[in-house]
Amino acid sequence: MKNIEHIAVFTSGGDSPGMNAALHGVAKTAEINNIRLSGFRKGYEGLIDGDMVQLDSNELKKWVHRGGTLLKTARSKGFLTLEGRQQALANLQKNKVDALVAIGGDGTFKGLLAFSEICDLPFIGVPGTIDNDLAGTDFTLGFDSAVNTAIENIDKIRDTAESHNRIFLIEVMGRDCGYIAIHSGLGTGADAILIPESAQDFLQLLENAESYDREDAFIAIVSEGDELGAELAASKIKEINPDVDLRITKLGHVQRGGNPSAFDRMLGIRLGVTAVEALLLGRRNAMAGILNNELCLTPFDQVVKEHQVNDELQNLLKIFGSKN
Amino acid sequence: MKNIEHIAVFTSGGDSPGMNAALHGVAKTAEINNIRLSGFRKGYEGLIDGDMVQLDSNELKKWVHRGGTLLKTARSKGFLTLEGRQQALANLQKNKVDALVAIGGDGTFKGLLAFSEICDLPFIGVPGTIDNDLAGTDFTLGFDSAVNTAIENIDKIRDTAESHNRIFLIEVMGRDCGYIAIHSGLGTGADAILIPESAQDFLQLLENAESYDREDAFIAIVSEGDELGAELAASKIKEINPDVDLRITKLGHVQRGGNPSAFDRMLGIRLGVTAVEALLLGRRNAMAGILNNELCLTPFDQVVKEHQVNDELQNLLKIFGSKN
Amino acid sequence: MKNIEHIAVFTSGGDSPGMNAALHGVAKTAEINNIRLSGFRKGYEGLIDGDMVQLDSNELKKWVHRGGTLLKTARSKGFLTLEGRQQALANLQKNKVDALVAIGGDGTFKGLLAFSEICDLPFIGVPGTIDNDLAGTDFTLGFDSAVNTAIENIDKIRDTAESHNRIFLIEVMGRDCGYIAIHSGLGTGADAILIPESAQDFLQLLENAESYDREDAFIAIVSEGDELGAELAASKIKEINPDVDLRITKLGHVQRGGNPSAFDRMLGIRLGVTAVEALLLGRRNAMAGILNNELCLTPFDQVVKEHQVNDELQNLLKIFGSKN
Amino acid sequence: MKNIEHIAVFTSGGDSPGMNAALHGVAKTAEINNIRLSGFRKGYEGLIDGDMVQLDSNELKKWVHRGGTLLKTARSKGFLTLEGRQQALANLQKNKVDALVAIGGDGTFKGLLAFSEICDLPFIGVPGTIDNDLAGTDFTLGFDSAVNTAIENIDKIRDTAESHNRIFLIEVMGRDCGYIAIHSGLGTGADAILIPESAQDFLQLLENAESYDREDAFIAIVSEGDELGAELAASKIKEINPDVDLRITKLGHVQRGGNPSAFDRMLGIRLGVTAVEALLLGRRNAMAGILNNELCLTPFDQVVKEHQVNDELQNLLKIFGSKN
């Protein structure tokens, strides 16, 4: 195995809070091991274009607390082509890069798998996505921040909902995965939680809304991945109860931004450190993660998207979704 | 003039942050003047239903920092009828209420004007609305909080917008009045601000978006009252530039809730104190407000909705809307 | 085993964010199992005084997002006496309480152990303390919120520190345990972290401060439990470098309050549910906790205070404490 | 009068939130008037050292929402000497600077007055200080942000104070001026407010604390400028009432940092625009300010420190300081 003297890092796919903390973890660990660290900007686009910058932990420490990604990110069409990947390889060779750290989601890791067919450098991934929808880690980087942003906004909506004894259907992010909805719904005392994984929530929501006594607010959290969705839920509720005072709010992209939470800063640092240490131990083509509060590595081909809601969460949904 | 021994207060119309601070201002001023204070719940509905509670400044001081309104609020159809108003009058007489303080918007004050035809109690209003669309006060109660909520969320969106060099059209509240859009747009370094009061913004937005170089984020703030609106703006931009990476976010009802800002807590207290002091001085049928940083009273019939953008703001829009 | 028909809950010791979420978890689980739930106010004081209230999950759901504890808390001298405990027992018997849930720290659980000598009701504890200093759970309730409050304030201080290229020594809470210091120090890109568990940090701090180039801020996080402390560190730095521009800030009690973080809301709910479910399964005299992301129970006598900094954290401290 | 083709700006004295917004206001106004804009770093130190950078509104718009000052600041001993000022003059001449905008406090403006003896360039000041202690403006830049930071932290402390029915003495900033104390005290429902301008507060505090019934929290806000101060107040209270559960918290430097509030962002932009427009109109040696919600200019020699608490605030203190 070649000695690692130069590592390159990039962020790819949707951005998530904590990516800068991960960059700092990578940078500081590289520094104390006397490894040169470069960053490619805009994800795979930067690899193809050779858009490379030097990274310095003294500068990065001022970014630990900031959202987004200093290196910018993008979804790249070019890297889907062999030509694009060959161009990227040429840039890595030209710059004598010995190993790659990629911060992103499962699309990012699939890209690395494809890349490994022509490039034998060691790759380590860091799971950066707010959706918490990857196997190989209990928590993806950015999930905790997204839930914190969601609950802070839902708390605000509670103020106005209670002032009017109004029904609110609040849509949160999470794609096909109800984790953000479950955590933000339980965390805000919501009256109903609708997730893609459970069809019966919907009936329960209607039943609860029907018996809604108008002497209090009624707050339902709807995962964006729920096929039925907020609009359909609203129309069903209005069928049952035409005079109901109901509003729909989609929290939207605010959930992607903002300063990372304490948890995500720490997680980013831990995963960034682990990524470099794994490379130094000769590991390759695996994602750093945290399972049962322990750092671990999972081969890329096992990091499939999954969105199973475990037994404990199912139990919580049953308890808190029941009629009062 | 009858001595004032019992004041009743209520909140009406849309809720806004700072209403509880105003209630505390009313309560404490009543207390030191040995005046009994009651609150009617749910606005005019509570007057009609006789839903009255005693208010205590020792309890209310714990609500100064909280959003929404402890007394709840509602829009009342019943009070639009003579029968409803007569019922309200009977409740006031039965409870020996000597004066009323109403916290709400211009609809609330119109209701008081109609009520004054059958009820000769003195009324004083406090302008509680996030829209800042009333004559008689430079700032309505809740406006500053709504702008703070807007900018905090727009700051978060900037993180993700800059990470992707993406265009964001962000819709903020404000009805026919662009004040929230102007303040939150200038306060977040937005690239364009679209308000109902100015049609040419739209062309400027398109021009700016056309020259948008994709090496940076582009953030446009759109007032909900703007007829063209975010969707139309988006479709126009996409006509010019089909590949553009563009997202629309509506901040929605989060802007109504949340703990009031420092400014609104102080404003609420100042207006609440002023309302009671005005009643004690024999004033009636006027709204307490703040003009040129001085407390003042404006007769209800002069508190029309207005949404003039003054010369200074026009100048700022011109400066900051210009192409870089 | 007697059937459980009536559970009582109380909060004791220092308050921590998430206690209300735990109360909601207890209340909702009791409700769906048709168990009556009461709360004693002010910890053991309330047990002695018989200060008991009924708890309702419909009311508690509005407290999930709020800091402090609805039931109030206190440190009780009376419960240290046999007489006090006998009085508490009499109150439990009079009210036909079948089981107790106690939310607090290790002092609280020691109290239960003493109480178990005269009272054979089943007790389950929930670890509520910001210090994260208990065996039997990876995270105590309130720790994540305290760290989030700390980092938000340290982020603010960074603004002014960088504007002046100034040294800041910032003291955070955590008693004898450096967890808050480590998490908030790493999470804010601090230049040095001083914890009670490691004496050599101090020399490293001095060394780093000596080479401090005055072209940047220098931020050191000091755990309150560190014997050397912020003042001593400051005087040592000034000995080395008399002209240095240095400030000390103690974050203080703000770290105990504020709305709980998303993590602590979820943790509170999970632990509250677990406590009641454990009682229903016949468990007693154990603390509910979360180890390796799984819910578990630990007998009270094994919940000793501990403040071991594990190998991973030691590694992180070494990496990030090293000179740049 | 010489045409203005090149303006230089700097920030000086203590930093305050909103300084970057002011820089953006200056930059954008310069830009649309085709004026070159430079910034000197670290206040007067940078003028002496010739530490000059080019400023660009496209970059500055990303700093509007950030605390501190991009240009850094310092207190300069060198500029107190004639030699230092001559060096500064030489740098301005060498770089063909035609006018200066200085963002800072009254020390900054006194420096400009001294400088005007040897330098006949036009100077305009912008009042950047959290203390709100200057004549010539109703609000200094940063005051509203500091009060918002204070109230958010005091709100957190209220959670823990109420959980324990504890007395808290909370010290806020403001030097000899009680504005921050008054606004944050009223805005958080405090039970007492101690400011330097009023000696009798102290007796009232003791009287209130004496009658404190231990069934609630008791929160007193103490201005740092109050000679008696928090420690003395604490010892007096403990004399009267030895068993009292009392804590002192000093909010400290967090009040200087953090993202500026909406109000300060707007104020910064308005004052920055006004400063450049004033220079273009031939004005000199005056501070831009906002009096009665209107922009205005006040000659430097009239911008003395003042800390008069006006009649309205005196009235509020009387009302809210009275015993319940």
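Chains: A, B, C and D, in written order; residue numbering restarts at 1 for each.
We adopt the following convention: a residue touches a chain if its C-beta (ideal position, glycine included) is under 8 Å from a C-beta of that chain, and two chains touch if they have at least 3 such contacts.
Predicted, not measured: the structure shown is a model, and the values here were computed from it.
Using the contact threshold fixed earlier, the set of chains in contact with both chain C and chain D is empty. Chain centres computed from CA atoms place A at the largest separation from chain D. If each chain is reduced to the centroid of its CA atoms, chain B and chain C end up 39 Å from each other.
The mean-CA centres of chain B and chain D are about 28 angstrom from one another, to the nearest whole unit. Across the assembly, chain B contributes 155, 158, 162 as residues in contact with two or more other chains. Chain pairs that touch, as defined above: A-B, A-C, B-D, C-D. The part of chain A that touches chain C in the complex is made up of residues 21, 24, 28-29, 31-32, 57-58, 60-65, 138, 144, 147-148, 150-152, 155, 158, 162, 183-184, 186-189, 191, 216, 259, 261-263, 265-266, 269-270, 273, 291-295, 312, 315-316, 319-320, 322, 324. On the chain D side of its complex with chain C, the touching residues are 11, 15, 17, 42, 66-69, 72-74, 149, 153, 155-165, 168, 247, 249-254, 256-258.
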